[in-house]
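Each of the two complexes below includes chain A, the first together with chain B, the second together with chain C.
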Partner chain A sequence: NLLAYSFVLSPFSEQFFRSGHTNNWAVLVCTSRFWFNYRHVANTLSVYRSVKRLGIPDSHIVLMLADDMACNPRNPKPATVFSHKNMELNVYGDDVEVDYRSYEVTVENFLRVLTGRIPPSTPRSKRLLSDDRSNILIYMTGHGGNGFLKFQDSEEITNIELADAFEQMWQKRRYNELLFIIDTCQGASMYERFYSPNIMALASSQVGEDSLSHQPDPAIGVHLMDRYTFYVLEFLEEINPASQTNMNDLFQVCPKSLCVSTPGHRTDLFQRDPKNVLITDFFGSVRKVEITTETISLQQYSEMESSYKEDQMDEELMEPLKYAEQLPVAQIIHQKPKLKDWHPPGGFILGLWALIIMVFFKTYGIKHMKFIF
Partner chain B sequence: MGLLSDPVRRRALARLVLRLNAPLCVLSYVAGIAWFLALAFPPLTQRTYMSENAMGSTMVEEQFVGGDRARSFARDFAAYRRKSGALPVAWLERTMRSVGLEVYTQSFSRKLPFPDETHERYMVSGTNVYGILRAPRAASTESLVFTVPCGSDSTNSQAVGLLLALAAHFRGQIYWAKDIIFLVTEHDLLGTEAWLEAYHDVNVTGMQSSPLQGWAGAIQAAVALELSSDVVTSLDVAVEGLNGQLPNLDLLNLFQTFCQKGGLLCTLQGKLQPQDWTSLDGPLQGLQTLLLMVLQQASGRPHGPHGLFLRYRVEALTLRGINSFRQYKYDLVAVGKALEGMFRKLNHLLERLHQSFFLYLLPALSRFVSIGLYMPAAGFLLLVLGLKALELWMQLHEAGVGLEAGGGPGPSAPLPPAQGVGLASLVAPLLVSQAMGLALYILPVLGQHVATQHFPVGEAEAVVLTLLAIYVAGLALPHNTHRVVSTQAPDRGWMALKLVALIYLALQLGCIALTNFSLGFLLAATMVPAAALTEPHGPRPLYAALLVLTGPAATLLGSLFLWRELQEAPLSIAEGWQLFLAALAQGVLEHYTYGALLFPLLALGLYPCWLLFWNVLFWK
Partner chain C sequence: MAAAMPLALVVLLLLGPGGPARAESPRDSLREELVITPLPSGDVAATFQFRIRWDSELQREGVSHYRLFPKALGQLISKYSLRELHLSFTQGFWRTRYWGPPFLQASSGAELWVWFQDTVTDVDKSWKELSNVLSGIFCASLNFIDSTNTVTPTASFKPLGLANDTDHYFLRYAVLPREVVCTENLTPWKKLLPCSSKAGLSVLLKADRLFHTRYHSQAVHIRPICRNARCTSISWELRQTLSVVFDAFITGQGKKDWSLFRMFSRTLTEPCPLASESRVYVDITNYSQDNETVEVNPPPTTTYEDVILGTRRTYAVYDLLDTAMINNSRNLNLQLKWKKPPENGYIHYQPAQDRLQPHLLEMLIQLPANSVTKVSIQFERALLKWTEYTPDPNHGFYISPSVLSALVPSMVAAKPVDWEGSPLFNTLFPVSDGSSYFVRLYTEPLLVNLPTPDFSMPYNVICLTCTVVAVCYGSFYNLLTRTFHIEEPSTGGLAKRLANLIRRARGVPPL
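Then we have the complex of A and B:
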């Protein structure tokens, strides 16, 4: 009720409000630890670098890295993570801000970040504070299979859980549009189950295919990148904030001849045509600023001033806020204690013993009964 | 009534089993031997593959170029060693410190039970020198060991030079996540055993050693190197360890991948890899290699320092550089690069090697047979013993049932012979043969001084000759035990004794085959036919000859001949006998110095069992 202005839409404004988002967020997740999974951290950091270069600030990026490759004792070049062999490109840099690190990257934390069900003590940098006008980029990489993604060698997230999390986000109005990119083996299985609107998904390989690694570097001793993300990074290096490249170009990145696996995408839940969706709608944080020399006339509501005064009076008369009772503690405390007395054995045990005794007497004859009784 | 409780049906079943038993036994034995021989052929052998994900491929860049430095270190080491006659401890300490390692020494001493004639030592005392390269950015929780054994007969100076040059090179790298211990031991395996015991804070073999002052964390893997010259034509790898333990197959796979990467010629048991496995030549060569491995594993000797590491579950290999008459030679840089690559890959490990097999047989360096595929061979052989025991049991009960049915209805019916044999007449042979085994185990070493006083022989010879004397004295037993046992033992007594002996043998061989398949299989292949066939009736001299020829001593003699035959250096009879005597002495010695179990197993376990069969053969 505060801003009750109405305005006349000029023809330029059509173009101005082509996409429905006003802010951009990115959630970048690397789910594998251990030195031989160096490439997954490099993947995530490459996307982080591109996203930051195109304008999304650290406060709007949630970066989750499951292991620290830069400071691993096995790294011959400490404090660096390279994405090209011969050490051409150091994606670690000196202004990387990791929000969830090491053992904090769990399925639970990831789902809490997405859905916003976060304990109040969580710092702001660890929250996804998106609203219904946010475009969110979610990038995940690691080891996966048909319908699941492995987190840290100890747990998995299934495609159904992910789809449900996105549905929760939709119902809580936490996104305007969502771009989901996954670079794992059989990645296409992760987006099969999405059912919420405005989601576009890309994966590096189809069900039954493996995503392959790239850039073996003998000096460091590991593979540095995965193929799909390597070519996506090359593609993104040519994008700048003013690029008009659209999503159809991203779908063409890494054909089977380069990637060996077949990348896939899913656009049926997305309402706009992909050729009208700019790369910078998701990867960048482009603020549309148009300088106009015309005046735009805005009519005023007559009730504006009176409603303003009403708000002020309402503030004084408001009652103190109270939280609803979430947990009926009173009922729990007054619960009667359970009686821990002996119960005769249940039917199953009785039946089992009866069976055993019957077999015994059948085999050895009833005459042995007299030795017992 | 049931099949087993109905006497009529049971008799029919017993008759069926008795009729089919002999062909079944023969079939089972032949199947066991045939299965073993088929292990070298393609469906049963598989290609090796790297199971540990952390070690991945050979994607490392080896940068070792210190060949000249290694050679100069080796020359210095050889010169100082010649001057001092023992390990030049001060020079080693100085050099290791200059290379940048933390240096510690450990002194040890041991009085062997009797003089060792092959190495010419009796009172052994020496010093081990080791340097620790600390991982620059990791806590010292894990370590790798690179060891070079130095003995009086094999100075191994080239390997020491390479060790020092590699240490200098490794010290300049910052990617080590585990500490590396560079260990130079004196008196080869004795020094290694002393160091290992002190490192793990145990005392298994009675070695007196000074406590260690520097530790580096749990050892994940170890590589031992023996070089005789500064150019090599091939690298031979030894995997069999103490008591037949084997390292994890992944370590061997790692070595083999680096051999391929560096183009080095690598051999197993001194034999090259067969190239084609489709025709008959490849598998036959594989069979030779397999037999060599079986013989070496059965002997239970540590064939290099790695064998002693395996006891502490540290995966280890010994690499031996061989300089033969081939034209193409590799210098120290090539060997150094292979070692550097191996250590760099071992550095990537996060856990102990556990993904690949611990129990396997190797027909070739790139082929293996897993335990699931080779165990049925031993199973078939032991089945023969089981079938024979079953047959004897049925015969004993048949006789018992027959007597019971046909015996008089008097109240004092004689007990069936199965029970009437009585434990008394079984206990005597058992006790006597166990006592002989105990005598075989204790007397040679205990009585060596008495023997040297009365006979003009050295202590080692006295031990060996006492061993043989007690072994042969056991053959005279059956003629004496009958005076001890009461004359009431009926004719079927030998059946009960043979039954017990068969079960005893089957138990022993079964347990041995589980831990050391090669030893179990070898003993089963030789002892099972004799054990199954022995009986007092029938051609006694033939059975006696068979039993003597398949006894533990003759098996040892035969396997020595077979071993040298397979290595293409056949022995004459005299040489073979000398080698046999030396092997006996070494076996006893290794039991006392390293805890090898072949001597106690044969003396306390198999020899008494074999004596029982001898007793059965001469049953009156």
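Then we have the complex of A and C:
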């Protein structure tokens, strides 16, 4: 039986280290606020759903949503975000974990996540803890223009800043290979300035073209998805963790007849040939697992009786404790408010008084001093 | 070689818990409870409480074995030396006037208040770090808590658990009213429960039903409590509470019959095997004003009566650990039905259509004795078209009076009258039986002031426009179409000679 196993396993054992990465990360960003930008949140959540389904755990996904659509008061079905009309597919799901939400989605926070220059008190779930053997998928969607992407209607990130951030990541060895997907108007302008190695980029439209939205739902009242991400989602729904589909298929996903805009891609910085790059190299987290037939026996966990004796010992020694009174009126009335510490007047006040006194003595002479003191 | 390494790693992990289990580890227990309260307005409130009691010391160092108490919160308590922690996320507002007093209300948005132990030296630093860690655990923007929205109350928010002395220096309180509650906050909250959402009462926690409510509040409370009745030692208590109010109109489609399936789209299938107690309480107190009673199906085995929040209430108790109640073949789907005496009323409402028909509202109501009944209707005023205004629009517009037709009980029974023999004033209305008489009353008509436009504006606009056009266009026209010649002054003329004569006579210089 074991011999048969080893024959079956050998072709796959070649692929054990072929791609050169050991872990996968995903940074998914939606940059738009307001109810009419529902489709951008649905875009990001559909990529989140595909990525989770193919194996990347929540601890390796940094999800940034600039507004809350699911529990928005305008949502006729709360706690849901749909991608297909007639409410066929709820991409919000039941176990979503959003790391940066609402006002936290800013250009500064995004760049800090990418470069790792994060304040020390940031929790783990908000950090991109990648190393030089990580494959990172970065997906961004929102409103953009020629060379910039708008964040929450108040600030922009330019393609030069993004390229510099990726170069910082390369210098710090924070990625092995990086796949950058962007679904905005004139998206191809965002990857024009990249200059770091091992980056592959896809965009939904060329410079000068707009990316269009897909279909509205009459019950919800807004457009549900953008065309490019809708067809990417349909493409990814057919991928499973064992599939061998490669990147060339992803480049053909949305032809001009379906998308109206012309999707673009850039592979000149990437070292491997795209036809050798599996979709699951970036969208999934394929773990190499070896199954063993050995068994291990566990000891039964038994309730401890010894803590009873501890209680009895303590009872004679300690006095009974009591709960605090919730509203002790007499005590509150008689407590003195804490006096604020007296600070000597600061430099500005002192300077102002010195100036006033100087002017006074200049005009009236020094003989008036005796009336002061 | 590489394949052998992960194998060895797996083996080590499995052998781990076998060793230290022989050392002393504190005991912990789980109690879960659901209280269903039908509210006077027809809505229904459901309050979940999951309580883990951990018999462990207050100052805890080096604890590494966690069983029911979640490790994420246990590590927080030891790292930041917490005494009490109360964190809540709420969407909506508890309408006390319609729903009665709540068990536990929380501020709309996110509310966090913490008592630190007196061994903490820099309370503000610990507070800032704690809010950052909590924002990661609960996927909320609690990292926005800083000195601009934190206060130190001096009189209220006394500790809810055991406390020796209360120096308010160790208390911090902050509220983020803009914080949204959604599935991403519920997911980590559910993961802290020992049975997660797989068994017991937590199978009912489905996000798409819990957020389709008028009020949703979920909270985490940690505090030290008495371990036994003599209160000589301390245990840690973790309470996770979730309160929702289901709206009769939105969720129930107007009907006031409730069941677990209609509320949560799930029924209870099995108790949580880690729980020592798992109960459902249904409030069956009679609201005797309307003569309404609540009937619960299946009938309860026991009831519980006590004074809660000032009034005496009765609860039907369902114990999930009782195998007669719920087992592998039976689900528990509680159903509540309101049994009211049949009401005899009638309402007919026909809304208005602009420029076609008016509003019509007809109601048949039974007025209770010795009471005052007020009927009011709201309406909006709209602008009319300018030709629809009367010549005196500032007078206002009239709304027709309401009509009240009533059968008033008579003090004295009247005999049926003969129409031809009795006087005319007695035969205005036909009378069927003598116990009541018919009367038709009218209210005053209502005079409403509509917003009136300024009717002189068209005239003003025409004058102004014509003037401007005339001045501008006229000047341009003159400049473009007229040419200027230089004219020689004429030397002769009879009139000029006559005028010069007269001027010479006057002594004035000539022309």
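FYI, the second predicted complex is superposed on the first by the 273 of 373 C-alpha atoms of A that agree within 3 Å, B and C clash if a C-alpha of one lies under 4 Å from a C-alpha of the other, contacts with A are read in each partner's own complex, and residues count from 1 in each chain.
In the analysis below, contacts are C-beta pairs under 8 Å (C-beta built on N, C-alpha and C of every residue); 3 or more make two chains touch, one makes a residue touch a chain.
Small disclaimer: the values here were computed from a predicted structure and weren't measured.
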{"item": "First (chain B), second (chain C), both or neither touched by A:Ala79", "value": "second"}
{"item": "Which superposed partner A:Gln299 touches (first chain B, second chain C, both, neither)", "value": "second"}
{"item": "Touched partner set for A:Val222, first chain B, second chain C, both or neither", "value": "first"}
{"item": "Superposition-derived comparison: chain B or chain C, residues of chain A touched", "value": "C"}
{"item": "Touching partner for A:Asp94 - first (chain B), second (chain C), both, neither", "value": "second"}
{"item": "Which superposed partner A:Ser243 touches (first chain B, second chain C, both, neither)", "value": "neither"}
{"item": "First (chain B), second (chain C), both or neither touched by A:Thr22", "value": "neither"}
{"item": "Residues of chain A that lie at the interface with chain B and also at the interface with chain C", "value": "71, 78"}
{"item": "For the chain A and chain B complex, residues of the former touching the latter", "value": "34-36, 71-76, 78, 216-219, 221-223"}
{"item": "Touching residues on chain A, where the partner in the complex is chain C", "value": "13, 16-17, 68, 70-71, 77-80, 90, 92-99, 101-104, 121-126, 288, 290, 292, 296, 298-299, 301-304, 306-307, 311, 314-315, 318-328, 332, 335, 337-338"}
{"item": "Complex interface listing, chain B residues touching chain A", "value": "53-54, 56-57, 59-61, 135-138, 173-177, 344-345, 347-348, 350"}
{"item": "Touching residues (chain side chain C, partner chain A) in the complex", "value": "2-3, 6-7, 10-11, 14-15, 17-18, 21, 24-27, 55, 91, 128-129, 132-133, 135-137, 139-141, 143-144, 154-156, 158-164, 166, 178, 180-184, 187-188, 206-208, 210-212, 226-228, 230-234"}
